Amino acid sequence: MSDVLKPAELSKINYKPPRKEWMKTPVNFKHGMYIYPAKAKNLKYLDMPNPREWSPTDKDWKLPENWKEIVLEGMRERLGKYRSFKIFMDICVRCGACADKCHFFIGGGDPKNMPVLRAELLRSIYRGHFTKSGKIFGSLNGARELTVDVLKEWFYYFYQCTECRRCSVFCPYGIDTAEITMMGRELLNLLGCNVNWVIEPVANCYRTGNHLGIQPHALMDMFEMMLDDIYDRTGIRVKPSFNRKGAEILFVTPSADYFAEPGIYTCMGYLVLFHELGLDYTWSTYASEGGNFGLFTSHEMIKRLNAKIYAEAKRLGVKWILGGECGHMWRVMHQYMDTMNGPADFLEEPVSPVTGTKFENAKSTKMVHITEFTADLIRNNKLKLDPSRNDSLRVTFHDSCNPARAMGILEEPRYIIKNVCNNFYEMPENTIREQTFCCAGGAGLGTDEMMETRMRGGLPRANAVRHVHEKYGVNRLACICAIDRATLTTLMEYWVPEVKVTGVHEMVGNALVMEGEKERTLTLRGDPLKETEGEVNV
Amino acid sequence: MKLLFSFITVLLLVIIAYAGIRYASLYYVFGVIIPYAAVGIFITGFVYRVLKWAGSPVPFRIPTTCGQEKSLPWIKQNKLDNPSSTLGVIGRMSLEILFFRSLLRNTKTELREGPSLAYGSDKWLWLAGLAFHWSFLIILIRHLRLFTEPVPYLITLLNNLDAFLQIGVPPLYITDVVLLASVSYLFIRRVLIPQFRYISLISDYFPLFLILGIGISGILMRYFFRVNLISVKELVMGLVSFNPQVSADIGSIFYIHIMLIATLFAYFPFSKLMHMGGVFLSPTRNLANNNRMIRHINPWNYPVKVHTYEEYEDEFRDKMKAVDIPVEKE
Amino acid sequence: MNIEDIVLRKKADILRRGASLIMETYSVNASTFFKDQKDPFANPVGYTISQGMEAIFDTLVRDEANKRALDFLDRIVRIRAVQDFTPSQAIGFLFSLKKVLREELQKELQENSMYEELLLLESRIDNMALVAFESYMKYREKVYGLKVKEFKNMAFRLLEKANLISDIADEEAAVIKNDTRAENMK
Amino acid sequence: MYDTGKIIAGLVIFAGLVTLPFWYNSGKAAAKPEPSLDTPVIQQMKDKHCIESKQYMIDNHMQMLNEWRNEFVRGDMTMYINSKGQYYTMSLEDTCLHCHSNEKQFCDKCHTYVDIKPYCWDCHVKPKEEVASGQR
């Protein structure tokens, strides 16, 4: 028995990474942890710089000759245009309060995913090229030269941030990594270092009005199918209008709601709700995308895509705009639209035609969030609801990052959920509301190329869902974001397969008692309504 | 390396001051020229930095909201964490600046497993941060007794309060103890926890050493190597009335203290310590979340290339007509 | 006294060192966080590992294919399957348990010459490693499956329209639906 | 949005606060305190001396008084032996104030200047002011 390995020999396998300083650890692009670069045709269509064929794993990124000049000039320009950028470069004290707040760090442990370090990637260049102390003390003071390796690091880590702003909540100075990531991505875009998962939807949206590049006639087909399904479930034929001039309200929602599972069921929820109310509203095929991947590209691109919304509202002569359930769409509508493309003086201050409620909080932008609209309907008893139709569901609510941390829509969706279903359970306090954990697929990361990164980044969210699943038998995760509906579905499938994802208005559609409907036996999803889902055990 | 560099720099400063007084008797240099220069650099540097920030506009209103927005009248708004008015913003900023509310948010938790002691390092950060900043401020104000004649009653009161324990002669100031303890904690935390050591720079260690040095030299001066307070005040009053007079009967420990403080003041505008001014200007905190109520103006808003409806219809007109979508041009 | 008793007696030490060896497969920054942060929601990785180790330990001592333990093992592997590890690194932590056992039991092993019993214990670890390998592969396949599935979800309606998706259960309904649709399209 | 007005206002307040001591004392010549030794007892002394050297007393009188109090109240010493070997009673009233009977002109001069509030008078009765005739 003497040939049993000695402990020392066994321990020779050492997984510990070398303890090098972060500046001296270059990135290593591995499959599943980066997104494929933007295709040249998309960049060309958008008149964006340096379209070419390349891959992040290439040694030569085919950068323009004067790339360094471009980046530094771009930085100088942005430091002059955004106080946020300048301040956030200057005042971080590296207290570390943000370090363990990022879902990517929590789930993966890569130190450069600590928000403070993600920002230092940019800050080190700022110090090296824009401050005296950085020039004098160099790396001792956290400054460094701009090199291709730095650029690769930026690409890697700025596309490993979902701009969810969770860290910003905990920072004593409110330093917002989303803002820093946005700047980093803008700089990368100047060199044509961008990802196709963002740029292709941008190009499609620019041309056809939606991310998938669906042309107007095909869009109508999608709606036909939804309307058929609604007829099948309710016995009522809903007839929405498109591009109709003179409607009172323009309705805008992310395109994933017409195409993607389970988004379509949320969209069916809107359709039945508006039908039941007899709302004088119209959809638009031109402004058929509420989502705005420009937010993940550059401020200029946000404006280029967003311009369609007001333009279309003006062309159709509507009074105000209603917006569907979406996360980053609402960041744009709430924090950027009016500033960029306003003033919307051709519209009227939004008033609910059903209840007469004035939406004072939207009096300048003239755009109302659907949960505000519906919560007001329920409050005024304008809807006949049968929450027992959702009895097979045990629901928890995921606060989507942008509505929570860039708007503060917290109570409206909860109020609706509590009125349309009987079983609602909150996840632990430090994982909801302003402390909500990201789905890890936002900001243009929601592609299968990033699957591993997304799964581990989504672990904190999934972990809290698993908790309520085990404790209360929760089997449905509600959210008000189209990206959530797509990415949480995948996330749940991996971590808590028993839980499915739903939009809030899908549940509204199910609970809504409509005039002249047949007896409902199926949910909008086509599942049996009274299914007791045997394995629910509390 | 970074740690050592910072430590040696502070040590060097101490030695320079000591040697300068002890062996070269440069009283005028250390007692008059350096303090004036430091205050000059501090004020102009600070103002310059803030004006530089002010030179960049806030193009978008991007508050981080941490509570319920103002929406329907029957939904209770969280006016402090998601303010929609200037008053609310003042409230939010006050909580932030006076009590470090965002850092405190770290402590919220429910359902924890295992020993609860291990958790909560963040709460300590908040507590130490708060203790450090407040005691520093009180110490600063307390020192005004050497800068004013007659001494205002409020400063006398603060002095007496700070020393109310009446331990020893001269009586021990509570803030002295708190300051040293909290700075030590902040320092140890940075050195011992790998995450924080990993992200720390010279500019993190240096001010810590400097402040530790200031605290220690101050305490040594008060309780051990005593200096003639009358002469000190005479010197200080000379400085503030622009009639500087140096006297040789103040111990070198005083000049070490002054040297370190002068360095801190002069270093301030070039460092992360500017968070003192920056915290007021942070756009994620100092703006009301009233975006949809009041339009925010971007001074450099410029026209961009868009895909107009006309271009869109031109491309898709036939397809639109085929499914009866109304078009502008038949 | 048999080896199980000794192991049980040293449970706390073995568990702590076992968990700590897994944590150390992460970067030093992450491992301190994983170890120190005790809130299960702020630190799911560390929490899962420390919980899982306990269950694994129980199986080790009792030699039952305990469902709970396997479930916890599964949870750990599920996490490591999507982290930045090679397959051997992802599962290797189980083998580091052997190291812990040998070191912790060194004295007793020599005194009582329990090497044979140790081998038995170690073979249980090997068995668990095999189970872990199965889990690992299951989740790797799942990841690839998800890539496909997500793509389908994303363009659900488009695929449905192109008749690329069809539920067998809904076959009948679908026929009718397609008929009406065909009419609508005319 | 620049908010220039608010920022300038903030900076003015900041600069004002930082330079407050300069404003507060402007135009005033800060007089150095001169404690008066002019009391009847001192006047009558031929060899004007304190119990220790003047410099020692300036630097250490507070410690000395503190030790005296502790010894007198809690210890068993009542006599103080100075560096020259002379004996003195440990008494504020009978020793110190015997000569320095002019608290306002002596003690308070410096204490007020540097804002120190000794707690002697928490227990002791303030002496009646005795000033040399020429002073009045």
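Letters A, B, C and D name the chains as they come in the text, with residue numbers starting at 1 for each one.
Throughout what follows, a residue touches a chain if its C-beta (ideal position, glycine included) is under 8 Å from a C-beta of that chain, and two chains touch if they have at least 3 such contacts.
All values reported here derive from a predicted model rather than from experimental measurement.
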| item | value |
| --- | --- |
| Contact-richer chain pair [B-D vs B-C] | B-D |
| Between subunit B and subunit D, centroid-to-centroid distance (C-alpha), Å | 37 |
| Cα-centroid distance, subunit B relative to subunit C, in whole angstrom | 45 |
| Between subunit A and subunit B, centroid-to-centroid distance (C-alpha), Å | 33 |
| Inter-centroid spacing, subunit C versus subunit A (mean Cα positions, whole Å) | 29 |
| Junction residues of subunit B, two or more chains touched | 54, 57-59, 61, 109, 111, 193, 195, 198, 281, 296-298 |
| Set of subunit A residues in contact with two or more other chains | 99-100, 111, 114, 428, 430 |
| Where subunit D touches two or more other chains, by residue | none |
| Full enumeration of touching chain pairs | A-B, A-C, B-C, B-D |
| Sites on subunit D touched by subunit B in the complex | 1-4, 7-8, 10-11, 14-15, 18-22, 24-26, 28-33, 58-60, 62-63, 65-66, 110, 112-117, 119 |
| Contact footprint of subunit A on subunit B as seen in their complex | 1-2, 5, 49, 52-62, 64-72, 74-76, 78, 81-82, 84, 96, 100, 102-103, 105-106, 108-111, 122, 125, 129, 193, 195-196, 198-204, 270-272, 274-275, 278-279, 281-285, 289-298, 300-301, 304-309, 312-313, 315-316, 319-320, 322-323, 325-327 |
| Residue ranges of subunit A touching subunit C (in the complex, touch as defined) | 1, 4, 7, 10-11, 13, 15-17, 19, 30, 32-33, 99-100, 105-111, 114, 212, 214, 218, 221-222, 224-226, 228, 232, 256, 258-262, 264, 428, 430-431, 448, 451-453, 455-456, 459-460, 463-464, 467, 486, 489-490, 493-495, 526 |
| Subunit B residues within the subunit C interface of the complex | 109, 111-116, 118-119, 121, 193-195, 198 |
| Subunit B residues within the subunit D interface of the complex | 39, 42-43, 46-47, 50-51, 54, 57-59, 61, 144-151, 155-156, 159-160, 166, 169-170, 226, 228-230, 232-234, 237-238, 240-243, 277, 280-281, 296-299 |
